[in-house]
Amino acid sequence: MSGEVYIAGIGSTAFGRQPDVSLLELAAEAGRRALADAGIKPADVGIGFFANALAGKLFGDLTIGQNVFAALGMSRLPIANVENACTSGSTAFYLACLAVRAGEVDCAMVIGAEKMCVPQLGLLSSGDSELDTLLGLVTPASFAMRARRHMAEFGTTVEQLAQVSVKNRSHGVLNALAQFRSEVSLGEVLASPMIADPLTRFQSCPIADGASALIVCSESMARRLGARITVRAATLSTGNYDNPQDMVRWRTDREGVEKAYEIAGVGPADLDVIECHDAFTIAEILHYEALGLCPVGEGGRLVAEGVTALGGSKPVNVSGGLLARGHPVGATGVEQIVELTRQLRGNAGARQVHGARLGLAHCMGGDRAADTKSMTVAVLAA
Amino acid sequence: MSGEVYIAGIGSTAFGRQPDVSLLELAAEAGRRALADAGIKPADVGIGFFANALAGKLFGDLTIGQNVFAALGMSRLPIANVENACTSGSTAFYLACLAVRAGEVDCAMVIGAEKMCVPQLGLLSSGDSELDTLLGLVTPASFAMRARRHMAEFGTTVEQLAQVSVKNRSHGVLNALAQFRSEVSLGEVLASPMIADPLTRFQSCPIADGASALIVCSESMARRLGARITVRAATLSTGNYDNPQDMVRWRTDREGVEKAYEIAGVGPADLDVIECHDAFTIAEILHYEALGLCPVGEGGRLVAEGVTALGGSKPVNVSGGLLARGHPVGATGVEQIVELTRQLRGNAGARQVHGARLGLAHCMGGDRAADTKSMTVAVLAA
Amino acid sequence: MTGTMCGDVTEPAELVPGLVERVNGRGPYALVGSRCPDCGATVFPSVVRCPYCQGQPLRQGVGAAGSLYTYTVVRTRAPFGLPEPYAVGYVDLDGSGLRVFGLIDPAMADELTVGQRVEVGLMRLGVDGQGRPCLRPVFRSEHPTASEVGR
Amino acid sequence: MTGTMCGDVTEPAELVPGLVERVNGRGPYALVGSRCPDCGATVFPSVVRCPYCQGQPLRQGVGAAGSLYTYTVVRTRAPFGLPEPYAVGYVDLDGSGLRVFGLIDPAMADELTVGQRVEVGLMRLGVDGQGRPCLRPVFRSEHPTASEVGR
C-alpha cells in the first residue's frame, strides 16, 4: 500500500432495538465517541463518509450523512453517502483509506449506521426488482442452500453449524455493546424455530439499530496523535457471477481474501484475531475455508474443535459477531474494524485475545447469481 | 493536485421519458458508449462507481451498481454505490479521481443513472423525515424563495429570470440528447403555469430518465490512449449551515468555487465554457455570482445581456443545462463533465464553443437550513 | 397545551410536538429551539447535542415574531394535504436573530411582501405522514385571525 | 401460450413474461435465456446484451429438466403471498449446464434431496408486486402432477 493509513479513533453505540433513538442520533453518538477516542476536534477531519443501506427504502431519506456530520459540527468538508448492502460500512472505510492515500486529506471519518427495528422493514432481499427476489429468494434461503450443499458434499452436521452460534453467543456475553448477551446451548440453537432448513432462528443474525464510527489518518497525523494501529490492506471487490457457481467453494470469497493477503504480505497463519460476516452460521464456516483457516469442507470440524473460539488458536468473532452483536447493516462493516482496533490496542477487556498483533475483518453483501455482490477485507496491525 | 487525472472516455443516453428502458439498461448503455469512446475493454477498468439517488426510495433496490457493471462484463473489481442527491454523479467522479490519485487503479469508471418518470415519484424534497419537508419545503419552493429575495434586494426581474430558460432551451435545440429540443420565447416561459412564485414551469428543470458515464485514468494510461483532457480540480464540499444564511450571497457556493479555482490555479476570467446546476432559473443566476462571472446582484443583467449564451464571452450551459437537457438526478453531475469533455475535445458540433480550452462543471444537491448539502466543482483543461 | 382534549372535542395532534409553545403557558406562541449553555449557540429546531461544541443544550424559545426575509407561494400539487396554493417563507426572528423556514397562514398568500411583520401561530393545516389531520406551526399576521387555534 | 384466455377462464398472467416457454409451443416447459452468437455464452434470464462481449444475444431455451444442486424450505413469513412454507433451490439444467435458482413445487417440500431430478413447470403461485395472483416458473417432479397449469 502506498502511503500508510492508521486508525486514529473508534466509537460505537450499543446494537439492538432502540425505538427512541433516531438514525441521526445513533450515528452522531458513534461519531462523538470516535472523535473523543481519537482526541481530535471536528475541524481536524478532512472528509466524511456515511454508510447506510436501508433508510432510502424505509424512510425515503436522502443525503443523510450531511445531517449526521452537521450534528457533529462538521461542515464545509467533502461528505459522501455510500451504499454497498452489508459491506456499506467497510466500503466507506475503503474509500476513506483511498482519500488519505491520495493525499486529499490527513484525516477521514467513517460513520456507519442503520435503523432496522421498524414495522416497515419486511424481509431483507437483494432488491425488490431482482428476479430472484420475485421468485422467493430471501436472504436466509440463500445461505440455507449453501448449508444444505455443504452438508451433502462434506458431511457437515447441523450440530457443527449450530456450534457457530453457541460460540459467538458465548463471546457476546463479554461484549457490553452486543444485542444478545446470554449464552445458548447447542440444543437451544437447534430447537429454535426453523427459518430456512437447516438454519434456525438462532443461526440467523438479528436485525438491530446501531452505529459505529472510525477515524483514519496519515502517518504524520498518527505520529502526532500516538495512533499505532495501521491498515495493512483494505480491499473491495465484487463477484465473478460465473455460471455455474460452486456454492461451497466460494471463489469470490477466496479470491477476495487472497488479494488482501497479498497486499498485506500475510497469510492465515499470521492472523491473531478475525471478525467475519457470520450473518448465518454457515457463512462463518464458509469464510473459515475461504480464509484458509482449514481445508475446504472442514469448516464444521474447525468450529466443533474449538479452534475459532476465544482461547483457541484462531479466534473468530470474539465480539459476538453478527449472530450475537446484531446486524445494523450500515454499521456492521465499520464495527468489525472497530473491534479489531480494540483487540490490537489490547483494550478488549474480558474478550481480549492475548497478544493480538494482526487482525482481519471480512464482510460480504448482496446476492446475485449465487455469488456475492460485494466483499471487503481489512487487515490491521498493531 | 498530486498525480494528474485524465478523462479517457465519455458516454450518455438520451435524457427524457423512456418508459420501456430499465434503469439497468440505461446505465449499461451509457457505460458501453464510454468504453467504446475510450477504446478500452471492460477488464481495463480497475474500479467502478455507480451514482443514483432515488432507486432505493422508488423501487426498493440496493447495490444496483454491481448489476450495471456486471451487465458490462465487469466483475472482480471494487464497486461502490454513491448517493449525494443532485451531486451523486459528480461525487462519484470526485471519488474516482481519488482512486486514481491514490494509485489504487490506473483507470476508474463512473456511471450515473436515474429513472424518475414513474408514477410513484411524487415531489422531490430533501428527505421524507426532514422537518422542512414536513413543513412543505418542496425543492422548487427553496429556489423560489431565493428568487424572491434576489428580486427584492437587487431588482432582478422576472424577465431576467425567464431569460435563463430562453437561453438554455435555445442551446438544447443543438443537443440531440436533450429532453427539450424546441425554443421557447420569454413570453412562453412567463406564461407557463406558476410552480412557486416567481418560478414558472418552464423555469424548472424537467424530471427525466437517463444515464451518463465517464472513464478517468492516470497520466500513463492517458498517454497510451491518447486522452488529453485533464482534471485540473475535482472538489466536493458540504454547507456551513450557519444561521442566518444569506440566501442570495451564497457563501457555500462561493467558497466551493474558490476552493476549486485555487486548486486548479485559475479564475473566472480563464473559463471558456461552464456547465452549472440550473435546476431553476434563479440557480443559474446565483451561480454566475458565486463563480465570479459578475458582481453579486448582477446575475440577472448578465444573462439579459447575452454574455452567458452560446456566442457570448462566458457561455453557460451550452448543452441546454438541466432546464433543457432534463435532470435525471444520478446522471446530471456526470453529464456536465461529459459535456465539458466534448467541448474541450472540440467535438460538440453545432453548440461547440470555439477554441474552448478550460471548462468548469458546477453541481449542487440537497437542501438543509437554507444551505446546500453538497456541492461539487470540476475544472477540466484541454 | 394544544393537541390534547379541548372541551368535548379532540384537537388534532401537533405534527412535531414541542416545535412551538406558549410563552409562560398562555402568552403568545413561540418557536422552541435549543440554547447551549457551554458555547451560547442558539439553534432551531431543538437538538439533543449542540452542533458547535457537543454540549447539552436547554430548550428555549427562539422567537414569537419577526419579519419575512423571503417567501413563495407553492402552486404545484401540495404535499401532506396542504392547501393549494400554500405559502412558505423564511422569517428573521426577533430576539434570537435566527432565520427560520416555515409555513405561512394560507389566508395571507396574496398579500406577502419581503420585510413584513409576522408572528408565530399554530394552525390545523394538512395531514401528517400517516394521513391524520394535524397542527402545524405557521407564521401569520401580527394581528391574530379567526383561524387561530387554542385560544 | 399461458397467461391468456383459456376456455372461459382467464388464467392469471405470468410474473415475468417469457421466462418459460413450451418447446415447439406444445412440448414440455423450458426456461428461456439468451445465447450470444458472437461468443457462445449462454445466460439465464435473457439479457439485452451479452455481458461477456456486449453482442446481441438470441432468446433460447436453456433447459427443461435437470438435477437439484441444493435447496431449502423457507419457513418464515413468505413474501409475495407464497405458500408457507415454500421451497426453493438451484438446479443444474440438462443441456446448457446452467445452475439456476427457482421455486420448487410446494407439494415436494418434504421430500427433497440433493441430486434429485426435476423438470420445469409453470404454476399459479403467490402474487405479483401489485398483489395479483400470477404464474411463476417452478421446478417439479419429472412426472407431471395435477397442479400443472395450461395442459
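By letter and in written order, the chains are A, B, C and D; residue numbering begins at 1 in each of them.
As a convention for this text, contacts are C-beta pairs under 8 Å (C-beta built on N, C-alpha and C of every residue); 3 or more make two chains touch, one makes a residue touch a chain.
Bear in mind the structure is a predicted one, so any value in this text is a computation, not a measurement.
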Quiz item: Farthest chain from chain A, comparing Cα centres?
Solution: C
Quiz item: When B-D is set beside B-C, which has more C-beta pairs in contact?
Solution: B-C
Quiz item: When the C-alpha atoms of chain C and chain D are each averaged to a single point, how far apart are the two points in Å?
Solution: 56
Exercise. Compute the distance, rounded to whole Å, between the mean C-alpha positions of chain B and chain C.
Key: 34
Quiz item: Cα centroid separation between chain B and chain D, in whole Å?
Solution: 43
Self-check item: Shared interface positions of chain D, touching two or more other chains
Solution: 51
Exercise. Could you list which residues of chain B touch at least two other chains?
Key: 70, 128, 241
Practice problem: Mind listing the chain C positions that touch chain B in their complex? | Solution: 15-16, 19, 43-45, 51, 69-80, 82, 86, 88-90, 92, 97-103, 114-115, 126, 128-129, 136-137
Quiz item: What part of chain A is in contact with chain D in the complex they form?
Solution: 122-123, 125, 128, 131-138, 140-141, 144-149, 152, 193-199, 241, 243-245, 247, 370
Practice problem: Spell out the part of chain A that touches chain C in their complex, as residue ranges. | Solution: 25, 28, 32, 70-73
Self-check item: chain A-touching residues of chain C, taken from the complex the two chains share
Solution: 47-54
Quiz item: What part of chain A is in contact with chain B in the complex they form?
Solution: 2-3, 53-54, 56-57, 59-64, 66-67, 69-70, 75-85, 91, 94-95, 98-99, 101-104, 126-130, 235-241, 252, 255, 365-366, 368, 373-374
